[in-house]
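Input: a single structure, listed below in structure tokens.
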């Protein structure tokens, strides 16, 4: 399997045109025309800001661009999955066809292919399922071993987001869809069934931490896509720090967002996706 | 039409603010295009200290009306690590001689300015001496926004203390010595005069304004319901919100000292850079705006050059 | 559920920042509704000086990212004119006891706080003595952001000097003495401690940050193409842009002194007022936001009261 | 003739609904539903800000509300004449039917009726014609002596604004419409013909100054509607100062905007409407 190496990002943000914005339960899927972007690696992200009216929201925010996983690439298109959790995501969700979008990227270190024929288990929570979509596309396109996809959501409206991926088993906190309970209830048996699997996870911090711990225990390699408040996305501000195992910090934007579970003592509270 | 700054010849008048652009990380993100189109006429390192620092615990960022509060905490490899690992990667930066010209044409070197901070005159002097010994370093910037261990006040907040620190450094190097003034004091022009009296070749300002944010009432940092949001407690405000304060301080300092002034604070567009130049600055630095677009400084350089 | 502040009983925790609300002019604009729904729990006069001042030549205002720069120049009738003409019109302000309640119900008096500025300890003492003699005045606020004639620095910028000024005033009155600290100094908490040591009953902060603007290149002020826009040269920055700086200074001061703190700076909504209260302020003042809507303070009072 | 006394403004800005926005040459006419506003006096103004997206423009402006003359009152409606000269007016010009508008007012001291049967000469330059429209309405409604209306503009597109008033003689700087030259060329003969007239003027500072000087010379009473950068509009900030004859300053927002020419040494450069 190719090693998914990503080409460097163009120096400077580019003005892209919005092709469409579709509802997906509690989320939105933003499609932008994106022709010359270099190929991206599953798990990479872009820093996004609207061309118009970025700023002037509550307390004059947003000011800085916001980080979003590249959820899907199509010929000449990039897709992003959005959840409205504040002024920046709210403004982005207001984008309509023809509007302008500033994008810097692709950025960061994404997922790496599973070793050999190891089975990939995709574990996604909430809007954190975004990078798993492009990962699933890539694995299937490259004819990897059958992929197992486990997705967890807070409620039914969010669970509709599962449609972004194929053949997912779903768990919801409120039991409205699929398994009533935690995503990790579904992961446990999978790890027992196949200790030679590789886990790819993205989601809220508590979920990532649980996944990290389970995989460490089962000695299954875990590639965790973290999040952090970011100002730049390319290593300039040192604002996106997460504690590194054995001391010091890693920059989520350049050392990650995808980190090997073994590099983390634990997934800290601010390092996950909106719950 | 290159620009002379303390004997260094620069392609244009726009550089980066210390700690707001990591050329090594940017090279990882943008590849060789970074070297081909390097946006800054001189490259200022983030602050280097004698011993390595890990920086403050997260969260390190908070966004406010027209600005950013950071409490990064000056993470760095320490002097040795910087000289051994980073310097070789920063020694051969260059940029098109014609701001914004397509790569391939004439190029000029991008001098490296190393920004250092100590907690005493001795520490500063030691750092300067070590930098003086390295040819890769073209100039040295002193970050004097460091709390004095006794008084707790910034070393740069008192003109006399600042003069002593600068003269101690002056004795150790003949390379251009730039003093990055602190804005959090009563009389910034007097501090600039102190730096000049101590032998500084230039001053740069403004650094961030002391600011803070409380954790959002609804949730935010678990436990510390209304405690400070930032891991470091307080932080420094940068960006558009400080632009008018920066302009006032730069104008007052430029009117007070003879040495060149590097102006910065909230520069987002060429118009803001021109304000600082018209107020008496020789160079302008772009900081936070590079986070929004790493190409901004290059664009501004192009516009202020014609 | 009235609020005690230095022995004064207030309807709620929201007052005005000095110089940001002219109750006499507002009465002309809003008629008796101003008296029926007076938005502030205490009314702070604009700064009064010994002799009349006409203020700075226009332009006096410049709008910036999330803020306003003003160089009004403290126009006022002078002590005599104020006591003779204004005081009678300010002596009987009242507001609903229940913040935001319909007029007609119980009402409580709105104490008058007179803000004064002198250029020396003697001038301050003379102003305080004159105010002490007038029953209409409930408390006195010292605006110490005035340049000392010798040093040129703000009188309030140096803790020792500030302590001397405050003790000189303390001797002349037993009315609550509030010191309006200057934010343009290195160690605001030390200045607050100095004010407390001098006998202040409370401190208020923050005043505006020193800032400036250049006349627009395209036209703007005829002649002075790129001179300062403001008639006064520099001015003071207020509004959202200074909110995070205000929060940091208020928190640091509240942690340092025992006396109550009046917090202000960029308050636009109840959430901003709560931040200042949670940071240790006893009262919150609304300034620039009243320009956008004179009813804001009343709305905030209502929200922070429940 | 009644003395046009104005009722005080409500304490606090009110949210009004936009009824329409019509083009008028280089200008726009903004109509808002305004039922409970107390009667306003010709020459009074309101502080306006859009309910949405006030802020976030160039350099994050506008921040403060902007002052606009009440150009016309109709049953339940107020009309404003807008010229796009910067971020605030630009944003206001983008308002569409149904949008919200914050308004504080009516504010300031307006025009007073002419003494006895004195003829009113209305002299307006550029967007400064706005308060003269409601003044003309009022004079005619009260059966004043025939009103003379002289309006000056920079160019043809602006001259279309003359349609806001009835029976106006027009002068343009570029000669595209009416008299090629200055408004004062038209005023001179009128003052000679009728030295017992009363002049009502609003416009750019140089025009107001010329009108003030001519009227002073001809000893004709001149009521000048001034402008100034304003933060509050109700006397709170002392930012709108203009020099008073004999020293000191007047606050345009509470001592004016309409001032007696005799109270001014000269009309200072910042005290006029956008040219």
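All chains are identified by letter, namely A, B, C and D, in their written order; residue positions are counted from 1 within each chain.
Assume contacts are C-beta pairs under 8 Å (C-beta built on N, C-alpha and C of every residue); 3 or more make two chains touch, one makes a residue touch a chain.
Predicted, not measured: the structure shown is a model, and the values here were computed from it.
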Chains contacting each of chain B and chain D, listed by label: A, C
Chain pair with more C-beta contacts, C-D versus A-C: C-D
Where chain A and chain C are represented by their mean Cα positions, the distance between them in whole Å: 49
Chain A-chain D separation of Cα centroids, rounded to whole Å: 56
Cα-centroid distance, chain A relative to chain B, in whole angstrom: 33
Residues of chain D engaged with two or more neighbouring chains: 55, 59-60
Shared-contact residues (touching 2 or more other chains) in chain B: 64-67, 240
Touch-based graph of the chains, sorted into line, ring, star, complete or other: complete
Complex interface listing, chain C residues touching chain B: 62, 64-67, 69, 153-154, 157-158, 182, 184-187, 209-214, 217, 226, 228, 234, 237, 240-245, 247-249, 251-252, 266, 271, 274-275, 278-279
Residues of chain A defined as touching chain D within the complex: 53-57, 60
In the complex, chain A residues that touch chain C: 59-60
For the chain A and chain B complex, residues of the former touching the latter: 7-13, 49, 55, 59-65, 102, 104, 107, 228-243, 247-249, 251, 254, 268-270
Chain C residues within the chain D interface of the complex: 19-22, 24-26, 28-34, 37, 39, 46, 54-55, 57-61, 63-68, 70, 72, 75, 221-222, 239-240, 288, 290-295, 298
